[in-house]
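Dropping the structures in below, format is structure tokens.
Next, two complexes with chain A in common: one pairs it with chain B, the other with chain C.
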Partner chain A sequence: MSTDPGTPPPGFLLADGPPAGLGSSRRRFGLGERGLRGLAASAAVVPLIALAAVLGVLIYKALPAMRYNGLGFFTRLAWSEGNTYGGISHAGGVTHPVGATYGGLSLVLGTLMSSAIALVIAVPLSVGAALAIVEKLPTRLSRSLGFFLELLAGIPSVVFGLWGVITFGPILSRDVTPFIARVLPNVPVLSWFKGNVGAGEGLLTSGIVLAIMVVPIIAATTRDLLRQVPVLPKEGARALGMSDWEVTRRVSLRWVGAGIIGASVLGLARALGETMAVAMVSGAILGTIPTNIYATFTTIAATIVSQLDSALTDSTGLAVSTLAEAALVIMVITLLANIGARVLVRRVSTAGLPVGRGI
Partner chain B sequence: MSKPQPRTRSHVRGFSTMRAKVLAPVALASVAALALAACGTKTPSSTGTTAGGTGTTVAQTSGGSITLTEAGSSLLYPLFQIWAPAYHTEHPNVTISPAAGGSGLGISDAIAGTVNIGASDAYLSPGNVSKDPDLENIPLAISAQMVNYNLPGVTKHLNLSGQVLSQIYQGKITTWNDPAIAAANPGVTLPPTKIVPLHRSDGSGDSFIFTTYLSDADPSGWGAKYHYNTNFTGPPISGALAENGNGGMVTGCAATPGCVAYIGISYLSKTNSAGLGEAKLKNAAGNYLLPNASTIVAEASGFAPKTPPNETISLIYGPAPQGYPIINYEYAIVSTRQPSPPTASAVKALLSWASNPADGSAPSFLNQVGFQPLPTSVVALSTAQINKIA
Partner chain C sequence: MTSASRAGTKGVEVGGGAGANGTSGSGAGEGGGGGSAGGPAGVVLPPLPPLHAPPSLRRRVANATAWGLCALALALVIAPAVWVVGGVLARAIPHWHWSVLTTDGAQVSKTLPAGGLEGAILGTLVIMAGVTVLAGTVGILSGIHLAEHTKPKRGALMRGASEVLAGIPSIVLGYVGYLALVVGLHWGFSLGAALIVLSVLVVPYMARTTESALRQVPTSYREGAEALGMPSSYALRRIVLRSALPGIMTGILVSLAIAIGETAPLLYTANYNDALPGLALTHQGVPYLTYAVWTFYNLPSSASVELSYDAALLLIVLVLILIIVARVIVSLTQRNAETNTGR
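Moving on, here comes the complex of A and B:
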């Protein structure tokens, strides 16, 4: 080995180990190697254990509530801790205050509706912003725009909530939504925008605030994807006489299509789980199904934070257990969204894209 | 170069055995840590003497100076804000750090031991007392609750009864010119504005005393169906709003024409400057009254002799003909087992000072928030409870 001119000095042979005859350095080397691998392996396993532990503890805590609430949790509207100052009774092995009724339907619907509104607003906005940054704007402008986009992602959600409550919501309900509600015709879909516009807290305000919060996530991911679209197909398309719009539509967007779905799900996950901002601008109303887009509502995450204090005063523990059940539901919804996105991405990316894969 | 290959494999083998050795404890430790973090319930009341060791005891003692933390009722919060600097001036070694957050928070923080004094407009439930026998609810002063509304153009105090409010909060009366409201308000031109009932989104003693009033005044309706609780118990009404804290109720009602809201009397100056109306409420004797010194004292004097040694009693809808129907004791929720003797004596001194009509309950303090001092017999009961703290 010593005659091999290509042999690197000892210590660089990571995969092959040190040369024979250097016993002491071999021991030291082995220790370092083991240490690094051990660290890496445990770092890789801890997140898995964390997920399992969180799920395990949540399920354990939620069991009494699941037994008490049953499947009706998903079809009932009413949410009441019952008479915690009155009698305590037992049903199916669960101790509960008399009259306790928990229904999660309005929470689940509120979560899905506000996130859907957020995505409807945020996806076109984000893709547009990403296209502008990558394809249209001069470098100096696109760089500063990208910088502000990343700044937007770093703003704590409570700041958006406060802004929504004291500035945006009141302006919306005073100057904008009454006009929209008056002008739009009373036909299906658009009638959703008519009726009582409320006082600025509700579904539309929450949806818009959420949209502003998820735009940076979707836009930054889409921008990075668009940057990976090779130049040659685009130039080829131009050479065939396509306009800018045609190149964007038929080459760039087709190339990253599946990636945009992935980016949108990243944003969706954020919107589904967003707590503080929604708790502040939703109106925090339990147990109603919104009848128009301005109606007050609440989400699973917002309910957990707003109901926890009073739940902790329920000496039977059923109220806290029910919040654990709600937490489990939001985890499952987020997981389903992620799995759904993966399936979609796989389907879209194998369905004959013109040139290569997006991601 | 063929020689090193077995070594590579031995490295891999070494890795796998090492993985088993190293990862097992790592995994166990992380699972244990997570499980502990998730399951750990803070019960310093049962561990009593471990001062500052558990991370849940709050009083900080350094060089003889003590910081006492208080959290909970947003109704009592304005008074604690006035008390804190005054008490610090009299007792320079004691600093009081007050916070709002709702009576539900006051009770749950006191149970968890994360504050020295939990503030609540609601007394402890029998379930809480049997679970944490160390907890006491000690009245410091007497408060009242207003029912406010936002009706531009209506300048007279509207007459409202518990039955009518029960119907409003059940969504059965939906406009301000409803015959039931008009019948109690002859000569007042009521607009056809839609009623927007506001309730509290946080665990709240105001929700507790308001729903107690609805239950007592409408026993077969509200009382049978919805009871009373710190968590607002009423049925969901489309278009209704939930607000966080008394402050949220004031700003929410001010922004919502047609609203009706229940707000603590300590927010009277804020409801006035927000232009909200204040209702005269119907008491059990059938009189419509506003909350003021004489109606609050009249109501309280009826309940003082009935107050039991643990001071757990509702002061709602009493028989006094000139008594305002929604008044309540403002409770300090305190554990009798404090983390250390200096903390215990500091808490005792503060509570004695606060409930004493010559000190913290002097008119100079209470008049600012519209509260009344405890009747003499009740001060004695509070003192007896304070003396149990050790």
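Moving on, here comes the complex of A and C:
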């Protein structure tokens, strides 16, 4: 129990130095030990290598498209592979079919708009639910709700897509949205909710489905942050006569404020990169800008899934390269969101954010 | 006397508290009452007044409204999930045939409507096994390195890379797998490409859970092992890894739940295959359940839509099993840990 390693406790006979096999075992590695250490060290750099490989492959493959599309990629609407049955020409060192134009504007807009709708719905719901779970519910119930959130995060996104496209979308467009579109006045902002409500595939449906998918991430992270708020400030506030809600609003929520923003940005990153559910409920329409909240659209991620088959018909490889450029764009956007979220959460909590897809 | 003087100070405190509260008229009166209650010794004290004045109506309404909205939010979080799962169950169960499990999918894309999900189920199981072997090895070794061997600074770099990798959308990983493995290395749509991409997807998660499981092993275990003269590799194998095993197992199970729910990266690497899955690593597509959901709902026959729902049901059941087993492992070992410390 001696705290000073230099002086052995009484009754412990040491001739000179620690006995062989005690202190020295740390440095005496057998062959197996060294092998295990080497293996473990090389396994630990796998994520680093994978990250470098992903970036390298994407940039290398996207280079021809970047040269051909230029910055106009972000301002153009039209998306066409050109004449893929002949008529190949060269421009700026890139071989391309005649008439190929790629504009990513509608994809970028669709990605941002659907994710924004998802966040507007998901953040208040998640924070409210997390507050109820942490502050009001008994421990046993809140534990089983935690399990429920975990399960919700584990449901495959194709299942959400299936539900959205066959069950939820049609109900929404038949029973809910026509009423909303009829009742709301034609003033700015609200006029976005007017017009043709479509058949259930579009921005609003995608936004709602995405919201359901990101709620577990935001709610679980917010819940964990709220649990870390120390008890003393809360008790102090209560002793000053604050009501339950005032304590929560003025102490707990302020304590974890930046963390909630971080959790929301993490949810945003998930929504931006979500592919399958959006591909199923967006209507997958390329090259248009939505005119109301029910309009069909597409996102960057959904386009990569839906366009590969036709991209393969382009013998010059420009279409495949353009999809690589789109992948690079969505990767950079989600990486920035992820890093920002982690920085924000680290400021309020040592726990950090969950790694993995929200489970 | 002592008790009376304590009551007296309490009374003064109460008065101060109510005064600080100060918003409502009744506060002052109660404060006065509290002060007089702490009077002469030996008198039976009346029950102490509440610590603070009842909040004004406006604040009570605000309180009730806010918590009501929170309860509503909770309900709105729970309801859609129940709707999604319930909706799938309601569509899948009435048409459920056990033959779906044993009929292969060969006819599905050729002659509608027929076929089952045997190939997709086996393919999903093969993918699960492969990911367990590949990502399990890399993830656990990487977690061991991060928890046991590395210096903090270098560890932070690797951990950062892991977190960044986990944030990349799965479709991007799938597309890179397609460009690099399927086309670049001429593997074709194949099990090998699918396993590598899925493993890259879940390795960050496995490394993270392994690392935190190892860090939760009490230091005294390591010290004890070292005091007995065990070489650190032996101690790691026999003592530390053994007590971290439940945590590591949980990480693997949840990673598998993530992996089998993925579609986007598999479309580009495993593609699909009507035949039963083989074990060839290259040049042979692999069928899997999420593909069945993604494709069959769009085919023009009610039987194939039913098959899509069957696949969704099987996926939900599989994920449920994995997550529940993980939960059970966690709660069992937590109970053990509690009884151990109790002794």
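One rule holds for everything that comes next: the second predicted complex is superposed on the first by the 293 of 359 C-alpha atoms of A that agree within 3 Å, B and C clash if a C-alpha of one lies under 4 Å from a C-alpha of the other, contacts with A are read in each partner's own complex, and residues count from 1 in each chain.
As a working rule, a contact is a pair of C-beta atoms (placed from the backbone, for glycine too) under 8 Å apart; a residue touches a chain by one contact, two chains touch by 3 or more.
The model shown is predicted, which means the values in this text are computed figures rather than measured ones.
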Touching A:E33, do we find chain B (first), chain C (second), both, or neither?
both
- Message: On the A-aligned overlay, A:L286 touches which partner chain: chain B = first, chain C = second, or both, or neither?
- Response: first
Let me test your reading of the model: by the given contact rule, A:V46 touches which partner, first (chain B), second (chain C), both or neither?
both
Inquiry  = Let me test your reading of the model: by the given contact rule, A:P156 touches which partner, first (chain B), second (chain C), both or neither?
reply    = second
Contact-wise, after the overlay, does A:P233 reach chain B, chain C, both or neither (first, second, both, neither)? neither
Counting residues of chain A touched by each of chain B and chain C, the higher count belongs to C
One more residue to check, A:V54. First (chain B), second (chain C), both or neither?
both
Touched partner set for A:G259, first chain B, second chain C, both or neither: neither
Dual-contact residues of chain A, meaning touching chain B and chain C, are 30, 33, 37, 41, 45-46, 50, 53-54, 57, 61
Residue positions on chain B within touch of chain A in the complex are 1, 3-4, 7-8, 11, 14-15, 18-19, 22-23, 26-27, 30-31, 34-35, 38-39, 101-102, 104-105, 107-108, 111-112, 125-128, 130-131, 194, 196, 201-204, 226-231, 233, 235-244, 252, 255-256
As the complex stands, chain A meets chain B at residues 1, 4, 13, 15-17, 20, 30, 33-34, 37-38, 41-42, 45-46, 49-50, 53-54, 56-57, 61, 77-86, 88, 97, 99, 106, 170, 196, 198-201, 283-288, 291, 295-296, 306-307, 309-316, 319
Per the touch rule, the chain C residues reaching chain A in their complex are 17, 20-21, 51-53, 55, 59-60, 62-63, 66-67, 69-74, 76-78, 80-81, 83-85, 87-88, 91, 137-139, 141-142, 144-146, 148-150, 157-158, 161-173, 175-176, 178-180, 184, 200, 202-205, 207-208, 226-227, 229-233, 254-255, 257-258, 260-264, 267-268, 290, 293-294, 297, 305, 308-309, 312, 315-316, 319-320, 322-323, 327
Per the touch rule above, chain A residues touching chain C in the complex are 21-22, 25-26, 28-30, 32-33, 36-37, 39-41, 43-48, 50-51, 53-54, 57-58, 61, 124-129, 131-133, 136, 145, 147-148, 150-152, 154-163, 165-168, 212, 215, 219, 239-241, 243-246, 248-249, 269, 272-276, 280, 301, 304-305, 308, 320, 323-324, 327, 330-331, 334-335, 337-339, 342, 353, 355-357, 359
